[in-house]
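There are two complexes below, and they share chain A, which is joined by chain B in the first and by chain C in the second.
Right after this comes the complex of A and B.
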């Protein structure tokens, strides 16, 4: 465990060392949040609600998006693809550590910095628009939301990992990974709440793990579902995590077996 | 002059051909990237259409008009991506020392740095965009030819402005060997151009018109087509480009003058 803790600390220092890159990353993400907020404000107009969201709920949804994007959608997929293609992965495979644990430690360091930055941005935007925010009244909601976000992050991590692992068989796995990440953003509700979609399409998406990464956690936070329903969602998330984790580990094990270190 | 243009046309054709061969070599990867781009386009369009099932107008614009803004954004953005894709690798070109070769070749290093890679995936993606734009045009009320002329000229002006930004990014790469995120910030900020600039608060609207002129690149052409852009703003758009391009060239020259070749 100490190994991963050291890896986490080093990665944290590295992320903080590249301050200009970090600031630029955050600026870009902030621009996306501002435009989504502006669009939703234009949609809600003078109406009391839009798609069942009041103005404070809508603002909270957009701000929560910024935090969830920072915590959930930062993975190690592209690095894994690069390391397998270049052969650098060999040096990790011979070390006495789990590559998944190591990657997770690095990912957590990145998340730590980005989530802290996102809280500042959220505070700034909330102050700028002087809008009322929705905060859960039930303390249990905070707990369930926290657990849901943690599970979402792990689902994303292992799902992205599973797709990136195809780099063991082809040097072209970047394309499918790019495709997956774009589809995920829409299917997870990271641009728009899925309520906007026709019911049939929403039902199809709800049967996949994607809405569990953004849409459902935000609905839990906004207390749009009862506590019992929120707990059920949490159970489903845990189930999806188990499925995705098993798939990622199985693909990884097979990939390592077929790995010929041709890049290195 | 004709000889010079012929020379650069031949260079562009050769580099474009090489880029196409490279993309055809990686079929699975290219297919994934292509599919991802299509997903982004169609999902956004579908979401926008779905939103208009619940409202009649957004910031005073109907579905057809909002779609016009979205498609114009895509046309301008994709044209720029097709033509100036090389800038995305500018930092790597400098860091790996390839820029030294650009400097000794009998060809403008700026041309090599900005225009020597063509993204054929974007050429494929722009075809449905053109078809969808045609469908949007068909649903617009009859407009004067002057509106269409202003639309075409302002779109070309938008691409020229984007060129100036790409030159700035390339110059930054030469000057600092860092700022790899600069082009990605531009991409994220461009996201704000997906919606008509009228959805934003007045301060943001001014920032997008005067500061980072995303509105001039993406919103102005569509507004001119709809007859909602004053002559003064049209003059401003062309004047801005007339200043921005020489300014970006000056910055490029000053950056190249400081280049030490130390990275290679």
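Right after this comes the complex of A and C.
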């Protein structure tokens, strides 16, 4: 366990060391939130609700997106792809170390920094627009929301890990990873609430793990679902996590077995 | 003495996709991919005692790195067997991994943006070193490798030589009993090469660790290794003392003669291969069997002032082995 704690601390240092990358990352994310806010404000116009969302709920959705992006959508997929194609992965494979645990520790460090930054950004934006926010009254909602987000981030982590692991077989696994991330943002509800979509498509998406990463947690937070429904969603998340985790581990084990870093 | 490494018919095939040249070839290979199996290591058998320092030689692509990767557990062989420190390497057992290190000159395990010291702390945790052991091992390495002030500087700001020394320190912090070094002096300047060599020698002596190293740098091999294993095209070509390599592979000797007057070098062709002629001095490569006759003929027919017969230098032999001559 100590290994992962040390790795976490080192990664924290490194993230802070790369200040310009961090600032660029944050600016990019902030721009997305600002444009989403402008977009939704224009759509709501003078109406009291839009697609079942009141103005405070919509603002909350948009701001929550910023925090969730920072917590859920930060995997180590690109690092893994890079380390497999450069052969650096070898240096981990010969040490008594679980690469998953190590990558997760690194990811947690990244999340820590980004979530703290996102709270500042959200506070700033909320102050700027002076809009009313929706905050749940039931403490259970906060609890379930917290658990849901934690599971979401783990589902994302292992899903991204599983896809990146294909770098063991092809030097072109960056492509699928890129597509996955783009599709994921759409299917998770990180661009707009999935209520926007036709019912048929929504049903299809709801059968995948993607909506559990943003859309469902935010609906839990906005108390759009009953407690019973929220707990059922948690159960589904746990199930998806088990599936994705097993897949990631299996693909990894096969990948390592077929790993044949040629030459020097 | 106990055996540190033992291999039996170790063989590794690589499978690589064949692609016809051009765009059309690329499209075709998308649908009908053909593979080619390349035998990188072919039935290699050897055994190394604990505490030995062995040079592993061969041309590029001879199978050295592949063998080291199998011995460190990174690659599973296609056939054959091996044990290292009593373990089957590719089972990658924690106990085995805690007792070995593989250093590849062109790869880094150090964190790039932050000082090397942080990577050392991480390795301390990975290998479960107590604070006291960590301190003791680190102090020793800092002294041997003259790391001192480099520990606090972000790795990306270090020179190649400084980084390589930090790399070695990171790999040796847990005092591996088996050390596999792949081109440890590559890219270093002459002074640094010497330092790293001295360090390897000292580590071997101090810790009694078994070391196997590959190098294209002849000085590395000549200064460090009494025993060498040579492989060519994946096959074991020679396994034994470095000195004996000369007798075995040098089918000729060097005959050097200085003349009292200028001589036409092309006249000397009958005696052996003329390597060089300058300042009235000729260097000839003469087959061992012909040496006596050639020397006698030279003395008989030419105004010889001085004559000298030498063995071929070890470097030359190994260089020849490297370059497939």
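In the analysis below, the second predicted complex is superposed on the first by the 262 of 264 C-alpha atoms of A that agree within 3 Å, B and C clash if a C-alpha of one lies under 4 Å from a C-alpha of the other, contacts with A are read in each partner's own complex, and residues count from 1 in each chain.
The rule is simple: a residue touches a chain if its C-beta (ideal position, glycine included) is under 8 Å from a C-beta of that chain, and two chains touch if they have at least 3 such contacts.
Computed from a predicted structure; not experimentally measured.
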Touched partner set for A:96, first chain B, second chain C, both or neither: second
First (chain B), second (chain C), both or neither touched by A:239: neither
Touched partner set for A:253, first chain B, second chain C, both or neither: neither
Chain B versus chain C as contact partner of A:116, first or second or both or neither: neither
Chain B versus chain C as contact partner of A:133, first or second or both or neither: neither
Touched partner set for A:87, first chain B, second chain C, both or neither: second
First, second, both or neither for A:143, with chain B first and chain C second: neither
Residues of chain A touched, compared between chain B and chain C (which is higher): B
Chain A-touching residues of chain C, taken from the complex the two chains share: 14-16, 61, 65, 69, 72-76, 92, 94, 97-98, 100-102, 104, 106-109, 111, 113-114, 118-119, 121-127, 154, 182-183
List of chain A residues in touch with chain B within their complex: 20-21, 24-25, 27-29, 31-32, 34-35, 38-39, 41-43, 45, 50-51, 129, 170-179, 181-183, 186, 191-192, 196-198
In the complex with chain A, residue positions of chain B that touch it: 26-37, 39-40, 43-44, 47, 50-51, 54-55, 58-59, 178-182, 184-185, 187-189, 191-192, 194-195, 198-201, 204
Residues on chain A engaged by chain C in the complex (per definition of touch): 2-3, 5-7, 10, 13-14, 17-18, 87-88, 90-91, 93-97, 257, 259-264
